[in-house]
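Here's a structure for you.
The first chain written gets the first letter, and so on, giving A, B, C, D, E and F; residue counts start at 1 in each chain.
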């Protein structure tokens, strides 16, 4: 298992990212994902910068919709950590049980139809190509 | 390539599904996906019933959000047909270029972080387990 | 695109594999997969040896069932070449339209339930663990 | 973790599905998959209906072959729950150790050749396209 | 298909990225990937910044090894565009036919053993856990 | 869980593979992967033969690079056992923390760009096709 780097033992550059995570998320809690990425500071910095912009930056999709999309990918890939952390994040942003159920129903259905489309080798309709 | 079954040559049970697709979607156009599935009528019926309920039935997620989730899965799986058809559907429901850009940015980011979580074998935080 | 190595221009070691493919399959036709693998002879030899044993060697699963399993994997992965070649092989071994329809229905369903199991993070039942 | 809904606390519509599972499978045991899906009753109903038709309905593929196909998908996707539950189901339907060994050998081989086909970008043979 | 944004019609912020790609790669050619991403400038900027650092920045892995790793992922995912562009990049950095053959042999083998490990549900050895 | 076959209880053909693993790797330790595969001796033999040739046979890629490629695939597929065992193997061959960090950064990035290429349906540049 990867060593989790705590704030106290972290280098200055890692602490700076941790501080920004805390300020952006308005919580003292740093979750294990970041503590693991801190083993490679450039990855920690880049990944946090990307997540921060993509998930909390300005845009047309509201924060809850962004989390739903994130979960859809993580469920499809079977990433246990990502499903757990982003389900928690989505609930904190307002996802209730019914919404989670609908989300998984769509994710499951899309994974099913993806394979039907592959298996039947269906040509893309001309009107979907423009 | 799978034979695409046209309305004129379809059996009564297949025509019934085509009719319901037309009535539900308020269009005469039947896209290739359904014409291919018509080669196995039980799959056509079950899949249409599922898609109809999941994508257009009552629920808390609005129709555009459902399409975004659908695209997220299809992009992750690399299903060309499904990306094409559901991108068209999402645009018809109001997705603009900026929203599509944000969607793909999240999908790409989640696919990246999913692998960072896998590779570092990060244990799920206790507070994400409840 | 990878160069396809024809019999006439092939080295002796590649020809030996081509000859064995022809003898085993009782056909003169060498499909593109082997002509591409011939660019790296050790991979050609190893892969043909594996396929020959796994798909045509003695065993409890009959040849058609083996092809159905092969297609199930290829459809799940979205490998166009493998879906095409093994669908042809399965048809040659007796797969009819109804069987292909049932196969894809199961593959689609399993891909759906795999994601529901992931998304709900369902614990494995004790009785399935023995 | 998802709450598992027991029969005693379930709504009437959930109980109806549980009753049908018991009657169809001739066992009192309801496995965790269904107890988790019961958190979203429409998904429970739809998924059970699909599984019931696809895995136990009339068709040309025998029940054991259907389970082998199901396992092939679940192993390819790395879905732990689905591998566990359907391996148990396949064993109950007659799968022995040799058959399981052959199954995994084919699944492993197909996953390998899928990537060789992808990596070499092999064009589909004309005769596989009809 | 996504519109490809040419330099002449690009905004100032997109041109700045294109200029940096040209300077970094010492070529005037901008490949389609970037022209497509230019439809969403923040994604273009972030992605280029990430690729630039990860693929050409300082580090212990030499540039060719980085390309081989990139191809391994792209082949596993079946991403046609990425296989094509990074195979070209790897060849430009010194990959010969034998190395490409060895690379695909490893990628194929790992995809096979990944499924054998999944299917047999093999517990991680204690000594691999530290 | 699969039974792990120990040397003492193994058949002669399984022992022969175990002996070759020990001789090739210059260690008495047989890891769980092989003990699980021993349940199906032909798969054990074939898989060991393939791994031996691909990972330790003559070739242009050095042993550590081969392990990095192997990990890249395993991380992309989310195969916990394979990530664990090959990360240990790579460390034994000289991979340090910085190299592992760079490896995961590339794997994460490639998984991101694979989806951007899929989502935008980017046509392969003519110059990448030769």
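Couple of notes before you dig in:
Here, a residue touches a chain if its C-beta (ideal position, glycine included) is under 8 Å from a C-beta of that chain, and two chains touch if they have at least 3 such contacts.
None of the values given here were measured: they were computed from a predicted structure.
The set of chains touching chain C and also touching chain E is given as A, B, D, F.
Set side by side, the interfaces D-E and B-D show unequal numbers of C-beta pairs in contact, with more at D-E.
Each chain gets a centre from the mean of its Cα atoms; for chain A and chain D, those two points are 27 Å apart.
With centres set at the average Cα position, the gap from chain B to chain F is 34 Å.
Residue positions of chain D touching 2 or more other chains, listed in rising order: 1, 39, 42-43, 46-47, 50, 54, 76-80, 84, 98, 102-105, 107-109, 111-114, 116, 118, 120-121, 129. Contact residues of chain F toward chain E in the complex are 1-2, 29, 31-33, 36-37, 39, 43, 47, 50-51, 54-55, 59-61, 65-66, 68-70, 72-74, 76-77, 79-82, 84-85, 87-88, 96, 98-99, 102-103, 105-107, 109-114, 116-118, 120-125, 127-129. Per the touch definition, chain F reaches chain B in the complex via residues 71, 75-76, 78, 80, 83-84, 103-104, 107-109, 111-116, 118-121.
Chain D meets chain F in the complex at residues 78, 97-98, 100-102, 104-105, 108.
For chain A in complex with chain F, the touching residues are 39-40, 42-43, 46-47, 77-79. Only residues 1, 42, 46, 49-50, 53-54, 57, 129 of chain E touch chain A when the two sit together in their complex.
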